[in-house]
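Below you will find the structure I want to go over with you.
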Amino acid sequence: MYLGKVLGNIVCSHKDAQMQGMKLLIVTAIDGTGKPKGKPFVACDSIGAGAGETVFLCGGGEAALPFIKQRPPSDASILGIIDSIED
Amino acid sequence: MYLGKVLGNIVCSHKDAQMQGMKLLIVTAIDGTGKPKGKPFVACDSIGAGAGETVFLCGGGEAALPFIKQRPPSDASILGIIDSIED
Amino acid sequence: MYLGKVLGNIVCSHKDAQMQGMKLLIVTAIDGTGKPKGKPFVACDSIGAGAGETVFLCGGGEAALPFIKQRPPSDASILGIIDSIED
Amino acid sequence: MYLGKVLGNIVCSHKDAQMQGMKLLIVTAIDGTGKPKGKPFVACDSIGAGAGETVFLCGGGEAALPFIKQRPPSDASILGIIDSIED
Amino acid sequence: MYLGKVLGNIVCSHKDAQMQGMKLLIVTAIDGTGKPKGKPFVACDSIGAGAGETVFLCGGGEAALPFIKQRPPSDASILGIIDSIED
């Protein structure tokens, strides 16, 4: 799972039926020092993350698991909000 | 899910049987400022996206989910047309 | 799905049992102008593509779908030969 | 499967229900000489790896297999602690 | 499927139960001229490949298919030893 920071929401009136009702956030991956790295992307959120928070996400087929009933075609989902990292 | 911009259509008379009838678009990934990044690629579309529009797409095994009956061997599908991004 | 150009065949006398009888081609990914990009790789082909042709391929778990009975452990399969791209 | 070095633990009070009780470590990928490469990421651990150890991990859908009952939405799991590499 | 060259074996006394008995090799990806490219990684082998040989491998979920009974959490498996490449 990779680390990211939430940037904001997307507004998207026209979308796939299986994406209806999903909360979609714009997220950027971050490196070990918290600096953004790479292109921002869209992730599904079920745990209430918001702009500015550091989160970890899973990609690939596993990204649909947190939404087991709806099974959205998601390939990036927020799994947790990180409080701190310990050596 | 990643952000992209639709470039156009592909014409492809000879293709896999499970791809018959699928609308195929040429798309380029974009960065946070909307600038194209990386190689253009082919994506399936079921929501009516067209050239010039900003969309978000899913990759991997999830890309077949929007086409559940046909189950095309797709690894990139357009999920939504983005109206705006909010901080 | 990504764009590629077929380079040739591989000869491989010793291979996994589930790969027996599969036509294996060497392919290189290409950028928007048709220029090769990245390392050449091996792809399964079921549609009769040959050296010099521009094709599109799928990767990941979807690459086994065009060969549903044999279910080879393929992660790259040629899906179509591209005639032209339209804006 | 790729090589990595364990950096430490993450503390994460707010996470997805299917991640409850999973041991989560911060890991960095390493190159052939053991030098860190790329962004640190989060991996599930079931074999008792700890900070400073060299491990190998699997990614993608396979990363849920070591935790077959809980089936966490993991895309990176530690599979083994490496003692040595032989030519 | 990508091209690689086998570098050697790994010794790993402590590993996931589903990896027990699997032959694990250290492999490096190669480019079109046979030059190593990228970080070495760990792959499962069922066809008897050895150090110095040029092989092709599959990644992702397909990498478990050659080991269908054991279903190891593998994301890289050797599928064939390459004798030659023909234009």
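First chain written, first letter: the chains are A, B, C, D and E, and each begins at residue 1.
Methods note: a contact is a pair of C-beta atoms (placed from the backbone, for glycine too) under 8 Å apart; a residue touches a chain by one contact, two chains touch by 3 or more.
Computed from a predicted model, the values in this text were never measured in an experiment.
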Between chain E and chain C, is it the same set of residue numbers doing the touching on each side, over half shared, or a different set?
different
Quick one: report the Å distance separating chain B from chain E, using the average Cα coordinate of each chain.
32
If you average the CA atoms of chain D and of chain E, how many Å lie between those two points?
20
Multi-chain contacts in chain C: which residues touch at least two other chains?
59-61, 63
Topology of the chain contact graph, where touching chains are joined (line, ring, star, complete, other):
ring
From chain D, moving on to its ring neighbour chain E, which chains come in turn until the ring closes?
D, E, C, B, A
Residue numbers on chain E that touch chain C, as the complex places them
1-3, 29-32, 37, 46-48, 56, 58-63, 65-66, 77-87
Chain E-facing residues of chain C, complex
7-19, 24, 26, 28, 39-43, 51, 59-61, 63-64, 71-76
